[in-house]
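Here the chain labels run A, B, C and D in written order, and each chain numbers its own residues starting at 1.
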């Protein structure tokens, strides 16, 4: 992934109201991989203390979108066709970590697997795994569309 | 669904930090059905204007949990095993409406379908459909457990 | 759906080795809906007597492909992007009935719900429900491609 | 996995009418992993030559069932709660290989990922990936039930 694409995706992430709300940090982005960290806030927790499933599903969606986008050139946009999440273990910890990897980088359809971990003093717990289908909306044939690039670099951001 | 169960679920909903954040209103709850409305806020929107997929996935999870819980007696708790969402149309509108219906009300496993609509001046758009698998954690054999009832009436709330 | 399309899809179905093996009958096809019946054979049954999940998953795939194809003009071909099946009740009966309906008939992506019923002397049991994502491969812009039409009318047939 | 469990699962596999029909061979079974090979037969192929999606979905279901069962003691039985398959690449080759691994070996719910490869002279193609949710029906508390063991060792076999 070139510098321009990385910058484009990082700017899109920093502008996302949803990511700001979650206090999400884009740790790693590039070549079909994305890692996002979300420190725990009160509204994210169920009464029993673990992160709720809604925050986990949100992270699956967003991290998959950025992973798919990072495997494509500048100004490629994606929309989520469908996502499927399996919740594996209670997400108990001080932060959530999403790690999303592109499995299939197709011309139109990209398939991504995102794994969500809850991280605490005793290490990481595998909270959820997923499969996400994304569709590329534009950018394939026209690698430069500077105007919209400033607006919505990753479709699900 | 009796009065006590309805009240238990409504109280749980009103205590949920996530639902408060979304400004979500529990419109209808009972007998395996649940309707939730979320008025649009800035952080929910993608740059192009539609509700983002993360809010939609969150609503799928929460509405399915309440629908499943509403088909069971007081003090039955659920956890989400897995969820799968298909995004059908851009969710353009002033509010999101989730309507979740129990398809299978099993002893251990409940299966729910939640449909998400974007509502605006020109009517409703079918934004997403889903299938959600929930597992009952407790309450089957012991219909009254007042202590925990005050804490987490619906597992995914 | 015009006569030519109906005939094209029925011919494709009758040529499918998989459908012949299952003894499957295409009962209804048209306008985004498809019904297929499969009489029970020994190899389809688990030791306990119900239809096995593999035959059900196969029917989900095939019926969704024909439903999607029936909403498009002659010589439109589909491939299955992904499918998700929830098994609801033991599929006990003398035949399986698949009923598939298009939920979203998009330009590239179609989303179909297929429900599978086990039919016996005491009526129908809802054995499984599903969501299937299909992608149109060709035919959108060129409604007539007679040569390939004879070969593979429905991508998953 | 002890000898007795391995033998129990291999006997169940060899008795399965569905597996006999597919000419399927159980290559590896044990400790939450299962590998099955299916040589190509005419009825499995679509007109264009690749394995059809129905055979792939069947293999996902069966291999996941055996993988889940292999992580449990003798006389544990599973049923498939739901399965989700993403088709990644055309399954062109002389045989299909299913490799299924348990991700979560829970008390009630097991989650398995099955990957399907098409194998030919030029190597393996990643045809499909999946996530499968299985529920244990029995065997947890009573490790020996010799009578039923002879009948249906793996629920989805």
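Rule of thumb we're sticking to: contacts are C-beta pairs under 8 Å (C-beta built on N, C-alpha and C of every residue); 3 or more make two chains touch, one makes a residue touch a chain.
This one's a predicted model, so the numbers in the text were calculated from it and none came from an experiment.
J.: Just to be sure I understand the contacts, which chains border both chain B and chain A?
T.: C, D
J.: Report which interface contains more C-beta contacts, comparing C-D against B-C.
T.: Pair with more contacting C-beta pairs, C-D versus B-C: C-D.
J.: Shared numbers divided by all numbers used: is that above or below half for chain A and chain D, i.e. same or different?
T.: Mostly same residues: over half of the interface numbers shared.
J.: Report the inter-chain centroid distance for chain B and chain C in whole angstrom, where each centroid is the mean of the CA atoms.
T.: 31
J.: Using Cα averages as centroids, what's the distance between chain C and chain D in whole Å?
T.: Chain centres of chain C and chain D, defined by C-alpha means, are spaced 23 Å apart.
J.: For chain C, give me the residues that contact two or more of the other chains.
T.: 81-82, 84, 86, 111, 131, 133
J.: Note which residues of chain C are touching chain A in the complex, please.
T.: Within the complex, chain C touches chain A at residues 81-82, 84, 108-109, 111, 131, 133, 135.
J.: Chain C touches which residues of chain B in the complex?
T.: Per the touch definition, chain B meets chain C at residues 84, 86, 88-89, 103-104, 111, 113, 126, 129-131, 133.
J.: Which positions of chain B touch chain A when the two form their complex?
T.: The touching residues are 15, 17-18, 20-21, 42-48, 52-55, 57-62, 65, 79-87, 151-152, 155-157.
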